[in-house]
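Both of the next two complexes hold chain A, though its partner changes from chain B to chain C.
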Partner chain A sequence: MSTASSGFKLGEWIFTTDHKRIGILYLIGSIAAFAVAGIMALLIRIEQAAPGPTIVSDAFTGGDQYNVWLYFHGAAMILGFLIPGLTGFAANYLLPLMIGAKDVAFPRINALSVWLFWAGIVVALLTFIVPDKPDVMWTGYPPYSVTTAGNTALYVFTVHLMGFSSILAAVNFLVTIIYMRAPGMGWNQLNMFVWSCFTALIIQLIFVPVLAAAVTLLLFDRYLGTHFFDPANGGDVLLYQNLFWFYSHPAVYVIFLPAMGIFYEIFATMAKNPIFNYKAAVYGGMCCIVLISGEVWVHHLYYSGMPDWLRIGQMVTTLLISVPVGLMTISLFGTLYKGAITFNIPMYYGTASLYLLLIGGLTGIPLAMTVMSVHLGETSFTHAHFHFIMGIFATFSVFAAVDFWFPKITGKMLNPAQGKLGFWLNFIGVNITFWPLFIIGVEGMPRRYWDYSQFPSHFAGYHKVATLGAIIVAIGMILTISNWIISAIKGEKAPDNPWGSNSLEWTHTATPPGPGNFPAPVTVDATWTPYSYKR
Partner chain B sequence: MANTASAHGHAHAHHWETSVAPLLIVIGVLFLVVFGFLSWFSYNNILWTQICAGIGTPLLLAGIAKWTAEALTQKPVVEGLTPIALPLFIVSEVFIFLGLFTSYWTMRLSAGDNWPPAGTPTDMNLILPIIMTVILVTSSFTYHVAEEKLAKNDIGGVRLWVFISIVLGAIFLGCTVYEYQHLFHMNFKPSTNAYSTAFYSITGFHASHVLVGLGAFLTVLIAALAGKTNKYLTFCVGLYWHFVDVVWFFVVSQVYYW
Partner chain C sequence: MKRAVSALVLTGLGVVAGLAEAKEKVAIPDPAASWNQLWHHVLLDLFIIGIIFLAAGLYWVWKYRATRPNQIGEGPQLTKLGAIGFAVVPAFLFMADDFFLAAKGWTVWNEYRNVPRNAMEVKVTGSMWSWNFEYDNGVSTTFMVDSKEGEGLVVPVGKPVVLRMTSTDVVHSFFLPDYRVKEDLMPGRVTYLWFNPIKEGETLATCAEYCGNRHAFMWTKVKVVSQADFDTWLAKQKQGA
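Up next is the complex of A and B:
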């Protein structure tokens, strides 16, 4: 198999409409966002290493500086890294290959999506240039976001650009999955990753516009003087929180589903097993998550005031969603059962994620319970919980995806020693960072505080350990990402199918795939699945 | 491998597909909308606003023109998928409007008897929205005639009826501008009270959709004047316009008459 490409042409990259190159553009943008947001995380941790001002200039303006870091860390990690890393990079590169399509349904719209995303990154990065830096977390709650001196418009436009990019991508990929599968490929023969993107993108299509509406109203309130969120003039502050979380809770599943999809692919390939309980995981797991995802957002408002019947109802739906998540997790574990497991870097991240899923999932249960949530909700316990499940689990899935498909994307193998060292530093580092936060969270350390001198003095020790962990993670991340760059340039040449996978992107394309993806159109018959391994 | 097949003999693409249009559009939007808004509202700098609009507008228009030209001449990967994609996009639009209407309903229902709030003119013009409804519904019909002309390959008819639809849509927007001016004159502004908040946001957001629809009409018209038509494009533009039409019924019934 040969590809037609020869040499690097800038115009072929920035004007590209090819899904694989667009996928790589997504990856570069999201890793850039990840790096800057990661530096913000380090600043946050270093500030918290001791009570009182550590690196902020003084006690009076310290909070403002700290808020800008929190804003950028949250907004860029979620909107700029996780969502585009999974539904942007991974879906773009892999999905058409997995279903045997030459490209997506609308290649030009795909290019529009990626550049809208990049424009969103540019607007987010303006934070560091403008004098009135936005300081509204990633949530932008009014009334603060309407009255602050910070530039809320930057936040709103970041959401708008990335949101519009997501909606277009969702339409594009849903049509692609429905109409462009290889002849003969039935719905029960799809890769788990394709299913996970399909379900995640349904969520994006329905819920992103509501967030867009919410932040648009915020913009009106701030700059046109309207009163949507102004109780003094007939508005409602909680309205914003409802609209915001109506999207932003389902957004958790937009990240969770493709992350799980990636691990299914890795586990099945490395264990040479079919997916355990495929239909239960797809229909009972992923599809049910789509159905329930829109009915749980109110648990983010437990402390904002609401009638008890609503609180109890939302507790029930929140706990209910652990059923489909459980089905998916059982499938993930079951896929490894009696497998001939090849233990390499993607599998390191995969097995670590089983642990992260367990800790992150179990610590979610007390937070779903209204009674315990009143105590734990606004503490660093919550902070550690969602970093385990959203932050680290999802980040590891992006890393695992890059490591797993690296030979396909670049035609080169990664340096295994550096990859493993990077993994261990990342894994040990995140545990050192977030376990202390669980502990002091239970003891009452609040979230989002930059200064905790009024709290018990032994908190400082835990915070110091957590900061040490963050520094270890930073070294691990540098090793991991530099490994990608160095190996892409001068790594060992990769064989066409180094992991012996049965999925179309490995069996039927060149390494790396050229324009048009497949040397000849692909058809599959009724007995084919991406996971039919002969043992 | 027995259960998969690669049928040989089909030629495949040997070069990377490119298009300048998407990047032009994004840079145009970035300057015109984002930087323009920031210059005007955040930093109150008229010169910057003019520069941003001056850079953004031509880029945006050039991008759209290039895009349309490519779409009318190039063969898509799989033909006929646009009429499926547009309804999906409209699902998204429905939820945006739901978000707006929900916000309005929240304010409206929590106000109780205190509605319309102080500051609302007692003599709101309720005849104009009826006239606007008639105009908009008529334009949906006239566009439908254009679609029928296209089915009969009567390109002259397409030009004529799309042009009539554009005129009707423009009159609709003119009515909105007139209404806004009139209300501003009566000191009813977006910041006046809860009703003005919802009124301007919802009618304004709808009007922006009318504007996009008019732009789409113009695209069809210019292409038709150049002798080019595309049944999928014509169908999608029509579908979008009918959607904007349906939303208007909700705007009238909820915002004007409730």
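Up next is the complex of A and C:
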């Protein structure tokens, strides 16, 4: 595909230490996770299309089947798809190229990261083989995760493997960005994507160990008879929830930041514009998010019996997140101002992201308000909110990244007609899926329910529409992903710099780049930026 | 003259304060109504921000599309002052909105957490798979999740109800969609919520924290009846027990 000159050898790929190949291995793994988790999403949605058993066998065991699908969907989408898709695939492939480096700082550790990730995928997939399938949801709250008959160890080991993989990757890339930038490249000349990964990985490095600790204690409680989370023996149920969200809220920024980074790159390139107010977005936006991200986790515990003063205090910090996110948003929108925008598949996703970011971000505001969330939390309103921002905005960023850098990675062009059709189905489908869920969410439809017979009968209509939307998305996804596979094999040959970008990965390397990335060592001068298009 | 004015102002303030206090004594807030009102304010707020950004974004995407090949954008290189201005001014606007919403949210939150003094207390215990309700006079009724047998939560109309809640096994959550409130139940802690049943009728309480394979069925009825009916019901339960 990319760097191989002597045909395809499996061994070369497995033992590769080339960051570009490792990136591709991450991409394949995360798209596989996305596909299986997507099939789970379809099963979940079809089950919810009507009250009472639809595809589960009967009312009594229905919950058991549905909960395994939902567990796998949530865990695989976040741990197996979004985080590795962004900080695994995109960061691996692009960071060294964007900063003009030959590879990452520790290529063999990089190989270890991707192996651990693949091991994590395999362990996660064991879900479908073991008789005691895990059913603890991706949050794994005790006491349920300790007392259930399901296999909590699989959940814990998946988190361990993915977590260890991300910690190694974080160290590796941070060192790479700090020490391996091309001579002359100052911090204010970095690509937005590099900055977004830099900040996301700092968050990753600080918080993943907390999650690893939390699930390890869970493992001890479950299998070794400790009582960390067991109040009957001096433990505390809320301790786990605090530890879990102390990581898992910052984790949404590990996803959100690189997703924004990708759209900045696409906007600047397609509009041939500099980033609007670069420093405000980097220092006031991204760096500020790093500072605030660890002080807002209680917004997931607004109705969990936390002290009232903490619920109010973290309402304020949570609302204040709108300041850095707002600055980043202004900068993203502003990058289009007076631009010369070319529309192609990546830019279709880019344009959609403006809308998705707004819907996802604005619906987060009521959820940030303690008293609003006491009604809206754990309903399908919350569900639609996080799907708009994570399930669609961030997912679209991965798709846009693949589409945008596809010529670079494969040396081929995508089929534009199929790509655009796929985009429209995806975009229309997600709106049909998630808007109805906002509406019944406000009326009280809880999440994680496979049956809802106790609610007014009109809920079923909304659920049916949502299911129809999911089927449309499924068709869109099949078109999108098959386009990648077919075009990688027999697409049209790509020119070296099809989008006319000014970023190093396009201007200074071959398409696709060979081993060692750059034919000659890269240096940049003080006037260079990835976005200085010649007037 | 000055004195007269200040005396007037002071009495005015005193009267207002007194009225406010008097009002507080009689009127018990209805948190659900306050929630609905706040929701409309918040929606309006979101709508305005959303429209501004969306209109700008869509207009720019349309207006600034490239018209000839290899065209270069003419986006502004901000001056130092411009850059600072475009960071500080929006930051303060966002902060202003944040504090505005936080203040409004906090006001309603106080209604949610300050239990009126005359509230009737009911102890709620969640279990896999039942809801148990225990009243002051020792009456205890259980609603079975699978068979849907049991009374549910029965309360008299017009009297605030405070629920003191705990769980015997895993985390559950007592969610009253019509009263716009929920709070988790867990072993080892007692949590509370209160609501104001101003209207007779039957509504729903349903579990909102994942608790296993009957989670979706873990609901019960909330019946608001007249004080007289409630007294008869309670007496009957007492005899039955």
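As a working rule, the second predicted complex is superposed on the first by the 531 of 535 C-alpha atoms of A that agree within 3 Å, B and C clash if a C-alpha of one lies under 4 Å from a C-alpha of the other, contacts with A are read in each partner's own complex, and residues count from 1 in each chain.
Note that in this section contacts are C-beta pairs under 8 Å (C-beta built on N, C-alpha and C of every residue); 3 or more make two chains touch, one makes a residue touch a chain.
All figures in this text were calculated on a predicted structure; none of them were measured in a lab.
Visitor: Quick check on the superposition: with chain A as the shared anchor, is it clash or fit for chain B versus chain C?
Guide: They fit side by side.
Visitor: So, A:V210: does it touch chain B (first), chain C (second), both, or neither?
Guide: A:V210: touches chain B, not chain C.
Visitor: Return first, second, both or neither, reflecting whether A:I409 touches chain B, chain C, both chains, or no partner chain.
Guide: After superposing on A, A:I409 lies clear of both chain B and chain C.
Visitor: Determine, under the contact definition given at the top, whether A:I177 touches first (chain B), second (chain C), both, or neither.
Guide: Once the two structures are laid over each other on A, A:I177 reaches no partner at all.
Visitor: For A:F106, select first, second, both or neither according to whether it touches chain B, chain C, the two together, or no partner.
Guide: First partner only, chain B.
Visitor: Report for A:P366: first if it touches chain B alone, second if chain C alone, otherwise both or neither.
Guide: So A:P366 only meets chain C here.
Visitor: So, does A:T379 touch the first partner chain B, the second partner chain C, both, or neither?
Guide: second
Visitor: Does the superposition put A:A251 against chain B (first), chain C (second), both, or neither?
Guide: Neither partner.
Visitor: Have a look at where A:L239 lands relative to chain B and chain C in the superposition and call it first, second, both or neither.
Guide: first
Visitor: Nearest approach of chain B to chain C by C-alpha atoms in the superposition, in Å, rounded to an integer.
Guide: Nearest C-alpha atoms of the two chains are 11 Å apart.
Visitor: Residues on chain A in contact with chain B in one complex and with chain C in the other?
Guide: 235-236.
Visitor: Residue numbers of chain B touching chain A in their complex, please.
Guide: Per the touch definition, chain B meets chain A at residues 1, 3-10, 12-23, 25-27, 29-30, 33-34, 37-38, 41-42, 67, 70-71, 76-78, 81-82, 84-85, 88-89, 91-96, 98-100, 102-103, 106-107, 110-111, 114, 117, 189-191, 193-194, 196-198, 200-201, 205.
Visitor: For chain A, which residues are in contact with chain C within the complex?
Guide: Spelled out, the residues of chain A in touch with chain C are 61-64, 67, 135, 137, 139, 141, 143-144, 147-148, 231-232, 235-238, 271-274, 276-277, 279-280, 284, 303-305, 308, 311-312, 315-316, 319-320, 322-323, 326-327, 329-330, 333-343, 351, 354-355, 358-359, 362-363, 365-366, 369-372, 374-375, 377-379, 442-444, 446, 448-452, 454-455, 500, 533-535.
Visitor: Over in the complex, which chain C residues touch chain A? Could you list them?
Guide: The touching residues are 35, 38-39, 42, 45-46, 49-50, 53-54, 56-58, 60-61, 64-67, 70-78, 83, 86-87, 90-91, 94-95, 97-99, 101-102, 105-106, 108-109, 112-113, 169-171, 173, 175, 177-178, 180-184, 186-189, 191, 204, 206-217, 219.
Visitor: Any idea which chain A residues touch chain B in the complex?
Guide: The contact residues of chain A facing chain B are 4-5, 11-12, 14-18, 21, 101-109, 111-112, 115-116, 118-119, 122-123, 130, 132, 151, 153-154, 157, 161, 167-168, 170-172, 174-175, 178-180, 205-210, 212-214, 216-217, 220, 223-228, 233-236, 239, 243, 504, 507-508, 514-516, 518-525, 527-528, 532.
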